[in-house]
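Sending over a structure as structure tokens; questions will come in a sec.
We just call them A, B, C and D in the order they show up, numbering each chain from 1.
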Amino acid sequence: MARTVEFTDTEFMIAQGARLLEDGKTFFVGWGIPQVVAILAQKLYVPDVVQLFEFGAIGPQSILPFVRGTMGGPQNTYRSLQWLNMNWAFSYSAAGYMDYGMLGALQVDPYGNINSTFLGGTFEKPGRRFAGSGGGNQVASHCWRTIIIIKHEGRRFVPKLDFVTSPGYLSGPGARERAGLPKDTGPYRVVTSKALFGFDERTKEMTLLSVLRGASPDDVIREMAFRPRIAKEISEIAPPTEDELRLLREEIDPSRIIIRGERMTAPA
Amino acid sequence: MARTVEFTDTEFMIAQGARLLEDGKTFFVGWGIPQVVAILAQKLYVPDVVQLFEFGAIGPQSILPFVRGTMGGPQNTYRSLQWLNMNWAFSYSAAGYMDYGMLGALQVDPYGNINSTFLGGTFEKPGRRFAGSGGGNQVASHCWRTIIIIKHEGRRFVPKLDFVTSPGYLSGPGARERAGLPKDTGPYRVVTSKALFGFDERTKEMTLLSVLRGASPDDVIREMAFRPRIAKEISEIAPPTEDELRLLREEIDPSRIIIRGERMTAPA
Amino acid sequence: MSRIRREGKVEYRFDHPDAFRAHVRDKKSRKPVDKLVDAKEAVSRFVNDGDYIVYDFSSLTRGPQALIREVIRQKKKELWIGAEFTLHESALLVGAGCASRIDVGFLGYGNYIGQAVCDGRVQVYEWTNGGLALRILAGARGVPFLPTRDLLGTDNLDVSAARVIQDPYTGMPVCLVPALNPDVAFLHVHQADVSGDARIFGTNLFALEAALASRRVIVSAEEIVEADEFRKDPMRTTIPYFLVDAVVHAPFGAYPGSMPARYEIDLEHVDRLNAIRNDEQMQRYLDENIYSVSGHEEFLDKRVGAARMKELRRRATIIEGYR
Amino acid sequence: MSRIRREGKVEYRFDHPDAFRAHVRDKKSRKPVDKLVDAKEAVSRFVNDGDYIVYDFSSLTRGPQALIREVIRQKKKELWIGAEFTLHESALLVGAGCASRIDVGFLGYGNYIGQAVCDGRVQVYEWTNGGLALRILAGARGVPFLPTRDLLGTDNLDVSAARVIQDPYTGMPVCLVPALNPDVAFLHVHQADVSGDARIFGTNLFALEAALASRRVIVSAEEIVEADEFRKDPMRTTIPYFLVDAVVHAPFGAYPGSMPARYEIDLEHVDRLNAIRNDEQMQRYLDENIYSVSGHEEFLDKRVGAARMKELRRRATIIEGYR
């Protein structure tokens, strides 16, 4: 019998995210999981990635282990190139210097629009209220390529969001430009705990690109409230590697605060 | 026979300017003569004045002697409270933190509008071209009280400027507000080499307030190309004091670069 | 001009720039006088019921937690909070009945505040972090608005007072956000002198913007230093004294959050905050940590303790760049 | 969208923010590679005829004088200069036939440049210092304009492309200035590393704004230091490397102006510049100081000399705050 790897859904998303980044590019890092993605990626794959945080840290090289509850403190502003403030941080992104941005989401729709504000009810009287945009709206508006990282659950992939917090392709091709958003920007990938999506160049609709080794496209699509487009060839995503898991579990998050989650297995 | 004092027209303007400032207030300092006014005032009269320069020096205490050709260097940014840049410097003035501003001028009109750009011809093809606004437009727009410092010559006091570089009361009462300039701002005093002017509260017209000891209002008005209003009581301005002259000549400008000018006398 | 506006369903704070300027002219002293007071006096003199308050950073990092606890202790009412990151602060301020409106930013942590929003006990307005930072910059620059190329195309536009105009230079739609001039800014800093010159080491969210844009500024500082320190190193000055109304000496003033290069976050205490889920738990926390002590020093002595503070200081080993 | 616009009689440089963003995406490397070149190579590779050039500070203080002399030596043509303070630089650039348009700011010194304007040999556009600083900030923030409450009511409005709109929040008139995204920024700094991280000590006019807003950035530095220096003290970084295209090691690069805390202004040389009144004198100055030497180092050796440099260094005794 083939050997299998055990990991959490979060570990898988983090590892996938880390593999997507390009070296020598800039990366606007959202809070939480994207922070861990950035650390893992910089240690393993992209040593010269330039991280940027909205609280004004330009080019930090976070210290290990990841400290829960730090935001703008010495750990995740460590060895920055420059310390500024929020208005300057968003100047870097608005002027076009940020290649990648990464954001979590409550809900995502077929055009990659993001809800991170509330579920159910109305804005004034929500069913459940969450943290909201933070700087997510700016990241999704300004960065050249936005990567969304989201747990793969049917209620999160919906045809229509309860609230559009941060822009994807809005209502489809050309809609971002018509709204006044910077040209040629928009969601680039959606990393989930089962699969990886891109966006169709012509229609701007979410498109299944790859699935976790051992899973099928049907497994993935079954747990979505809309039917995504499917790429002609669906590739396979390797489960977290030994290096990725060791670094995550031993060096980055030894207290397992971030990487905990639902247990998964896949063929090694 | 009464003792007389000898001094230059520039020394007299500087001394007058220095006497106008209030202690514990902020002072946006234009380049050149206003710098020397600020130094003299801070040494003799207003130790707690907060100087501000457009190149980002907040609260400097200039070193002596005054060094010609320094602008933003260690001498006139010495012992600042804060070093910033130009956009921040103009935030201080735009948000209302600057009580006084002081500017030189080529020409001034009855409403205290300032020309510092050109004389004769057109903007595109001027008769004589000068330095232009620098930050003068911002100083005259934002500061609560702008003090103009200008040599007393007929060709400088004109009914209509060749070019309005920096705003006085524009066309009269209410015109600044109608143009969108901050409320309750505008020219406060005009310091010349013979006299001191204010502005009529109702009509906003330049009004003779005081003349150098020994001179008459007629001496002053004769050398103006428009007839100013005259205050009910014209007071006398003392010539530069011994302290003022000693400080200017021995400590501030021993090489007499700034304080040189036309020789004048007045009863001591 | 009214300082609270309602258009459609959106309420927002707005001062005409001229009204704010007049306040700066008439009420802000430029004299370098001694403004050192204790937190009690600073809050009672400079914070009124109904005030709009902003603060820099959060309950996790360099937040003005001692000042916020004092606001709660003095039972201020109907406050409107504006914060990019408002974490446990907003839960405590709402739980204590002090705050009724919040402009965010990022609204966390824990379930208490989320439930309070759903129950309609507090009204939240969504401006996004970038939008709020820009609103405060507009207030600091004395202009009624600033333009930005975000918020566009999203529902945030409909639940804020941001407006879209056609840019006269390109013809494209551009978003404007209105200036924000708060009543009070709370800034917790590493060092201050008695007249208010202040230094923050590390990044900040909008410290200088908030100090310029706010009608009243309360600085709380880990250390009080000689005024001369600032003139010796003007590049390190975050805020000059004449923007500041009160200086509070508050060592451990960011507790339970961290103060970069001074002390680390107290995660145990933070977990107690995270665990608050209902009013009974909230009331118990407030009683124990705020109402039952006379002020910040008694809180430190009786609820934190020297041993804990020593340990948190020990953990703050990264000092590179913070000096 | 065209990068030079003419409306009525006013020409102005304007890039659509999307065009500038595309340049930043495609042409600006984020890799920390060695960008150290000499002034000759920097200017020949990164400055083209017809370019719009900005620089920080002036011929008196921390101006990029070595780079400007190199531009003149290479006889660049039809340059458009944008500067808050443009003093002897503009006279030399016009006198040498390099610059045909200048956006100011403050236009000095001496009679040569004034006469050149009157003769129509150079077109000057008047934006004021505040207006130019704001235009560059708009370029750095990726927005097509920024609003301001000055320029209003004056003739500057008619001779610039500033526009007045009705503020949607107050109804009052507000002035807008269009973004400026120059082709090239010259920044002379105290310290840089080979990939372009740079530090200026003291105040600056718009160094970070210009670095963010410009298509190409040339940093000239008094000292080249280890890259690690910047990561040890991130509050001191003026510009991070990924905004920079070329680094030139140029000790005495601000000569004859001063470099704060490094060397003082050479007033004798400045007086020679001030004395230039006609083309013959201009040509003599250019021949002697620029055309007849191969570059900055030969200029320092043969036209300035070690004794003079030592004396200017000796005079720079104020170092407090500059470190």
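Quick note on the criterion: a contact is a pair of C-beta atoms (placed from the backbone, for glycine too) under 8 Å apart; a residue touches a chain by one contact, two chains touch by 3 or more.
Because the structure is a prediction, the values reported are computed rather than measured.
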item	value
For subunit A and subunit D, chains touching each	C
Higher-contact pair (C-beta pairs counted), B-D versus B-C	B-D
Rounded Å distance, subunit A centre to subunit B centre (Cα mean)	58
Subunit C-subunit D separation of Cα centroids, rounded to whole Å	38
CA centroid of subunit B to CA centroid of subunit D, Å	29
Whole-Å gap separating subunit B and subunit C, where each centre is the average of the chain's CA atoms	40
Touching two or more other chains - residues of subunit D	17, 142-143, 148-149, 172, 174, 202, 208, 232, 234-235, 320-321
Residues of subunit A touching at least two other chains	57, 77, 79-80, 83, 90, 94, 142, 182
Touch-based graph of the chains, sorted into line, ring, star, complete or other	other
Chain pairs that touch, as defined at the top of this document	A-C, A-D, B-C, B-D, C-D
Residues on subunit A engaged by subunit D in the complex (per definition of touch)	24-26, 48, 50, 57-59, 61, 77, 79-83, 88, 90-97, 99, 142, 144, 182-184
Residues of subunit C touching subunit B in the complex	17-18, 20-25, 28-32, 139-143, 197, 208, 212-213, 230-232, 234-235, 237, 239-243
Parts of subunit D lying in touch with subunit B, wherever the complex brings them together	9, 57-58, 60-62, 84-85, 104-108, 113-115, 117-118, 120, 123-124, 126, 128-131, 133-134, 137, 148-156, 159, 164, 172-175, 202-209, 258, 260-261, 265, 267, 270, 316, 318-322
Subunit A to subunit C touching residues, read off their complex	31, 53-57, 63, 67-75, 77-80, 83-87, 90, 94, 113, 117, 121, 123-138, 141-142, 163-167, 170, 175-176, 178-182
Subunit D partner contacts - residues on subunit C that touch it in the complex	1, 14, 16-17, 142-149, 163, 165, 167-170, 172, 174, 176, 178-179, 201-202, 232-236, 320-321
